[in-house]
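Submitted below is the structure of interest, expressed as structure tokens.
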Amino acid sequence: MTLIKSLVNQDEFVGFYLLKELEVKQTNGTPPKDYFDIVMCDSSGQLSAKYWDVSAADKETFFPMGLVKIRGIVQTYRERLQVKITRIRKATENDGVSLTDFIRSAPIRPVDLVYTIKQVMASIQDDGIKTLVSYCVNKVDEKLMHYPAAKTHHHAYYAGLAYHMVRMLEIADFVCKQRPFLNADLLKAGIILHDIAKPEEMIAQLGIVTDYSVQGKLLGHISMASNWITEAAIHSGIDLQSERVIALQHLVLSHHNLGEWGSPVQPQTAEAVALHHIDALDAKLQMVEDALDSLPESEAWTPMIRGLENKPIYRTKL
Amino acid sequence: MTLIKSLVNQDEFVGFYLLKELEVKQTNGTPPKDYFDIVMCDSSGQLSAKYWDVSAADKETFFPMGLVKIRGIVQTYRERLQVKITRIRKATENDGVSLTDFIRSAPIRPVDLVYTIKQVMASIQDDGIKTLVSYCVNKVDEKLMHYPAAKTHHHAYYAGLAYHMVRMLEIADFVCKQRPFLNADLLKAGIILHDIAKPEEMIAQLGIVTDYSVQGKLLGHISMASNWITEAAIHSGIDLQSERVIALQHLVLSHHNLGEWGSPVQPQTAEAVALHHIDALDAKLQMVEDALDSLPESEAWTPMIRGLENKPIYRTKL
Amino acid sequence: MTLIKSLVNQDEFVGFYLLKELEVKQTNGTPPKDYFDIVMCDSSGQLSAKYWDVSAADKETFFPMGLVKIRGIVQTYRERLQVKITRIRKATENDGVSLTDFIRSAPIRPVDLVYTIKQVMASIQDDGIKTLVSYCVNKVDEKLMHYPAAKTHHHAYYAGLAYHMVRMLEIADFVCKQRPFLNADLLKAGIILHDIAKPEEMIAQLGIVTDYSVQGKLLGHISMASNWITEAAIHSGIDLQSERVIALQHLVLSHHNLGEWGSPVQPQTAEAVALHHIDALDAKLQMVEDALDSLPESEAWTPMIRGLENKPIYRTKL
Amino acid sequence: MTLIKSLVNQDEFVGFYLLKELEVKQTNGTPPKDYFDIVMCDSSGQLSAKYWDVSAADKETFFPMGLVKIRGIVQTYRERLQVKITRIRKATENDGVSLTDFIRSAPIRPVDLVYTIKQVMASIQDDGIKTLVSYCVNKVDEKLMHYPAAKTHHHAYYAGLAYHMVRMLEIADFVCKQRPFLNADLLKAGIILHDIAKPEEMIAQLGIVTDYSVQGKLLGHISMASNWITEAAIHSGIDLQSERVIALQHLVLSHHNLGEWGSPVQPQTAEAVALHHIDALDAKLQMVEDALDSLPESEAWTPMIRGLENKPIYRTKL
Amino acid sequence: MTLIKSLVNQDEFVGFYLLKELEVKQTNGTPPKDYFDIVMCDSSGQLSAKYWDVSAADKETFFPMGLVKIRGIVQTYRERLQVKITRIRKATENDGVSLTDFIRSAPIRPVDLVYTIKQVMASIQDDGIKTLVSYCVNKVDEKLMHYPAAKTHHHAYYAGLAYHMVRMLEIADFVCKQRPFLNADLLKAGIILHDIAKPEEMIAQLGIVTDYSVQGKLLGHISMASNWITEAAIHSGIDLQSERVIALQHLVLSHHNLGEWGSPVQPQTAEAVALHHIDALDAKLQMVEDALDSLPESEAWTPMIRGLENKPIYRTKL
Amino acid sequence: MTLIKSLVNQDEFVGFYLLKELEVKQTNGTPPKDYFDIVMCDSSGQLSAKYWDVSAADKETFFPMGLVKIRGIVQTYRERLQVKITRIRKATENDGVSLTDFIRSAPIRPVDLVYTIKQVMASIQDDGIKTLVSYCVNKVDEKLMHYPAAKTHHHAYYAGLAYHMVRMLEIADFVCKQRPFLNADLLKAGIILHDIAKPEEMIAQLGIVTDYSVQGKLLGHISMASNWITEAAIHSGIDLQSERVIALQHLVLSHHNLGEWGSPVQPQTAEAVALHHIDALDAKLQMVEDALDSLPESEAWTPMIRGLENKPIYRTKL
């Protein structure tokens, strides 16, 4: 079976893939014919594909997020690779393939990521902070096991959100040792809470964000998380005016650093400054790593990356 | 008694005034002597003043926000008027003056402003919205009777906040008649709630903001009000996911229109668009009106106004 | 007959429509064939459409801005609806349809809008101002009966310009009552004049702007209107240095508020501040109302609206 | 007599100077005493100065823009030189000094500058353009003989405006030879007209701008000049819709290049692009030349120059 | 033979052209067929073209940058002209055509441009500066004979870089006469060096830039040229700390004027200010001239020009 | 002896301090008298101070950067503390105090910082990179032992530059373990080189920057370091076109991330992205730590910090 990442122009191939997107469209001809406009993917990447001369039965058979066996040819269309599908059928139980083999995932098992996060939560020494964080983590519940951290920007894959948290917690642990004046409880809590409302801001399955929720568009995950902390405090009997509630809300509200990046206030505590820069360091390096990972070995430059000043990354030969 | 607004260079005067600010400073001489650096005000405006050769007793006698009788001469210092105080004493009961005569106030009585606001609240037809709004208004309680709407920007005087609300409600009432597709309940609620957290964001007495609270600096009144709506919903048993909660939070969060002006989300409902522009119309016109009001009749140009693109306003002779 | 707004995917329909745009294009086939690339509209909205296998006679028969009877099928192309036309013929006198039934119009009759504007003009008490305004209104003459206020931004339909003026005049009337310090003559005049040069800046018929004039591109309606006031003053014998001429020119020049929005000076009179904000309030709310009006009932989000920070508007269910 | 530019700290000197600014102020002492806060200048530069212990007679004797004989000592105040005046008297006829010896002037005689401008006007071949330009030049009349081009920005001295024009005309003459596709008539006219309204925008005497006029603040010289062209066309019977009127107005309106720099439209003719860049080249180089000219020989860096990205200029030793 | 610039819709033509770009693509049909997607050009301009039904032999025969004879028809596709090629063959020796006839070139012969540049270099009086400039010019060697000055922005044709230099040197010569305080050696050197690294930043042949080099993307021509001056100084034994080395590096580094335009420092010498503005004047006017040159005579407006605030240029009829 | 940080209003004190700045000024009196305007400091902070009635002998005795014994009183001037010096004398050998006791230093001994940097250099595995880095470090030589990293922004104290490097190297070491795809050699080299030219950009003694050098202003440390790498490569015989030279220059040139922050190119290698964000994380946290360190214990808010969006930092009570 051929990984999508390794396909090159003119390849003929057969293999199992996931139908990440599938739309029925019509050709311009007279009479117009139906065809499938598809995005097929596996764990190594994704490709756009066409299946011409779609039958009525086909339209009943194939749906987005379904597993299929595809025979196809790789062509070039507008300087990008595109698959012309010559045969397609649904995967069956006998094929021995499972959905999770075909999606991009964090490199660490979700169960281990969540275990790490819970360990860190348990290590928070201030009981009030620990309670507030637990309440918010419980709200997202099992979504932490699989939600991505963003639609396309960074960590946009299965368990990407938990992976982003864990990596940030590791850096924070190091920085707190370098700079003992930082309040480790606050910084840990800030990291766990800063994107905690993303599972309600975005609608995702299998690590793929299909849309934003109405609440997500109208409030944004930053304000949602601030509201959750209010909710957590009320339910836990913690004073809404207490410094721990305010400090946590400040961490969440300020973590995008600037108004034009979505933060209504700018970082004004040591931990808020640390949170923003640890978030940036981890997110930007992940964008770089993901882009280089999916770059064919024959190439030196990734596509332009929106989150990196819209610049491509060059793979040095050193 | 002479109103501050009518004082001109070289005037000698006697009258009662409020010590809005008072600081003990030292001259550069050898030995340095104590003097008072004062901002004195009455309902017509304010002036900077100096009282030289301060005695130890004086330092025990005079404080900010105290009422005093002053004899003084108006001079020019760096192209601005400044009072040299030649005599000063505390006002006594016999003088028959009271604090509220000396501060700038909204042109409508606070009790009438609050009555109007409560009437509008009562006219909200959706019970859930009415409940949420009432809860938040109750939180600020009697502060609505006297809080200003801002430190210096606009409506910076006694009951300025309530006055701003009432004027906006009047415009909204008109606009809803012009455009019946607007949801009047939401727009009324949005107007009452949009600055409702300012009394906890700012520390003020007699309509004068002396500082921002810690919470005000770290969260800002926009996020605070959003949190209050969460709190109101929990206490009133209204579903946090309900459209009315989300719509109200959206109104509050988006009312500054842009991220760089402090709004984490941009207006995305009809009422949110209306709220922002009614707020702007009322606030900007009030800045103009206040600036022209305190402009000496002999002059045609106000000072530069920060909230109006840092431009002065010209009083036409038409 | 089926309104365009109510058409959904797969609908087959027959009806009269206006050919808002029509272009002859060629298919990619060998040999390439001619087809019509069409935008068809009625008063409820517009749709893109294709008519394949165009004959030589067809090319002589059909033109933009012509009324036709169309039989067609609604399809989806790139996630947007598109009509495949199966039959088309010109409308004839016997069909009893008239152009004005097929274009989008202001909700008030043009004759009534212009009547209102003239009434307001007559109510201006300063004779000089009244004369200057009349001169400029006379320049655009009957164009005021049908010109749109913009190409796409807002009020982009038949009599949109007059409708925008009337609505603004209504708001101004209310605001002048709220704030009597405003000079009502100046504000009325500013509203009538602020976009008065648009009919010479843009080339439009039936409320549809097809292009900007050379003068419009090189000078812009703001400077054109300022020049018109100069012209009006000279023709009426009013001193070019008089405060009324300068105040009116200032209103026009500053109404976009900022240099980057096209205003060479920023508002520096009370009425100029009012004009800008009343203009913004009316224009933005009209964008919202128009977008919601043409939103299919099954949907909750409008497309992104450029004039509203490029955000879509959500139709709440409240 | 000592030139201001050559004074250094601790110098004692006697000489004739112009009182560019003079204000009566009071000391902080008890009782406060009057003193003069002065800006004294000669053709080489200017210095701030104090004259203590001012008598009642002095206040009747000395005024801004008067010529005086001063004895003084140079001191340092806040890292800048300042003169302490020990004696001062009015200049008399016998002193044989005249005002124009004490002001900064363009390095070419005004009469020659104006002669050159008139020669260029005469060389314009298109009669309509020539007529329009002449009309506008006649409006400013003899002010062209002495007005500066700006308050502080560049060419801020006697006849600076005419000097700026002449230098630009020289460059334009060269560029038109390099690039014959440029319309020399339009470019010459654009240069003469682009700042022609400055004498009505600013209030100046002896090359020193003391304020902006009301009209200057409310309309700005760019729109004023556009209005003047309208006026010129009407008085000369030239069609307001003719391309020459529009092209000239476009030149004037677009010469600041960007909206945020005050131009309501951007350059869209070849000559408008040329005008903006010739203007920038001449103005920026003049700022540099003037700053280096008044830089003491012992120093290598000028003060920061606002018009040059707020950077200082370094005088290389090459 | 028909010049591309003079082709209009529906023209049938035969002629020799250069294949500036050629890509093999597939149609959407079943089975998909190969076709050529072509950009054909001659010295007057370029057009997009299609050649359908490509044979296997054709794919071996035709390549980018090859000369061909084409028979075709001009059509309209998406409001732009496009050629449908009906016959195509390679040009042969007998056809008597040569590559250089088909590319756009500077209007002066490269050999003359380079001669002029060398003459100016020889006229530099400071030996150190002359040596540094010579070293850098020698690095690009014969590339100066043919390199364009940019990919698309301005002077994007054969010998465009040398042409840009020569024109700037002419303006500089004039400006130095106007303002003798300028150091002509530095200004000449700055002009020759400011874009000298472009031939290593960009990969070009026949005046057409196909890509940027790795070094070009990672360092940019500005920093590369600064490094070259370091290299030149070391190889010539000139002190790296000497003012001439620093002044030349400053000229190069600051010539884009602002950080957001790529300059790490802003101009801080008189010559650096002059260099930036002479560069801007020449580049912008060349954009205008080139756009008007390739504008069909029947049209008045060029396309939008990115380097001119994204505005089109209007050809006046005066 | 009293630490400056612990002084409060009205304190009378005696102690040894460093005269960080000293200027002779004159009072406004008649006749004016000389006084010293002083900034006095010790290792805990700094204060402004005045010494009145300066004698001629005093002016010969006291200079900036001298150690003195001071008796004084703490007063308040414009809401900030200021010392009135009542007695002052030079420190003598017998006082047993030394300059280095009175300056702010990195919390790690310079010799240990430099040792660590050299160890990291030795650990670079690529010989070419190691050679280039060594060459540049040797250029600054012993300055690395004491130079600050900036004038005021961050790490503005003795050995601040080396301290900043060491902290960044520690973070980089951790991040390289987290993300093994990063090239540790490049990242280490980038960290050591990114600010390596600062000792030639700035003029400093005892960790206090007094000015920027001419070269520093005209080129900036970013371009200077790029030039140094060119120089290093030439002297070490390493190909200037080699990827290691280009990659190192790219790291240095891009480390400010954006053009408006001084980088002529944006990060386009994984290590360049890492370098920028590690630099930001360390610099911003150091600003926070330094600001909190010098905050009196009685206060909760630091002054506004320019490098942190001009916001103050709040010390939480958690």
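Letters A, B, C, D, E and F mark the chains in the order given here, with residues in each chain numbered from 1 onward.
What we mean here is this: a residue touches a chain if its C-beta (ideal position, glycine included) is under 8 Å from a C-beta of that chain, and two chains touch if they have at least 3 such contacts.
For each chain, UniProt lists the protein as follows: A, B, C, D, E, F = 3'-5' exoribonuclease YhaM.
Note that the structure is a prediction, hence the values are computed from the model and not measured.
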item	value
Co-neighbours of subunit E and subunit D - touch as defined	C, F
Comparison of A-F and C-E (more C-beta pairs in contact)	A-F
Distance from the mean Cα position of subunit F to that of subunit C, given in whole angstrom	60
Cα-centroid distance, subunit E relative to subunit F, in whole angstrom	45
Junction residues of subunit C, two or more chains touched	214, 217-218, 243, 247, 258, 268-269, 314
Graph class of chain-chain contacts, one of line, ring, star, complete, other	other
Touching pairs - complete list by chain label	A-B, A-C, A-E, A-F, B-C, B-D, B-F, C-D, C-E, D-E, D-F, E-F
In the complex with subunit A, residue positions of subunit E that touch it	23-26, 28, 30, 32, 214, 217-218
List of subunit D residues in touch with subunit E within their complex	126, 129, 167, 170-171, 174-175, 178-179, 181-183, 185-186, 243-244, 247, 257-258, 266-271, 273-274, 277-278, 280-281, 284-285, 288-289, 292, 308-309, 311-318
Residues on subunit D engaged by subunit C in the complex (per definition of touch)	214-215, 217-220, 222-223, 226-227, 229-231, 234-235, 240-241, 243, 246-247, 249-250, 253, 258-265, 268-269
Residue ranges of subunit F touching subunit B (in the complex, touch as defined)	27, 50, 52-53, 75-77, 79, 84, 300, 314
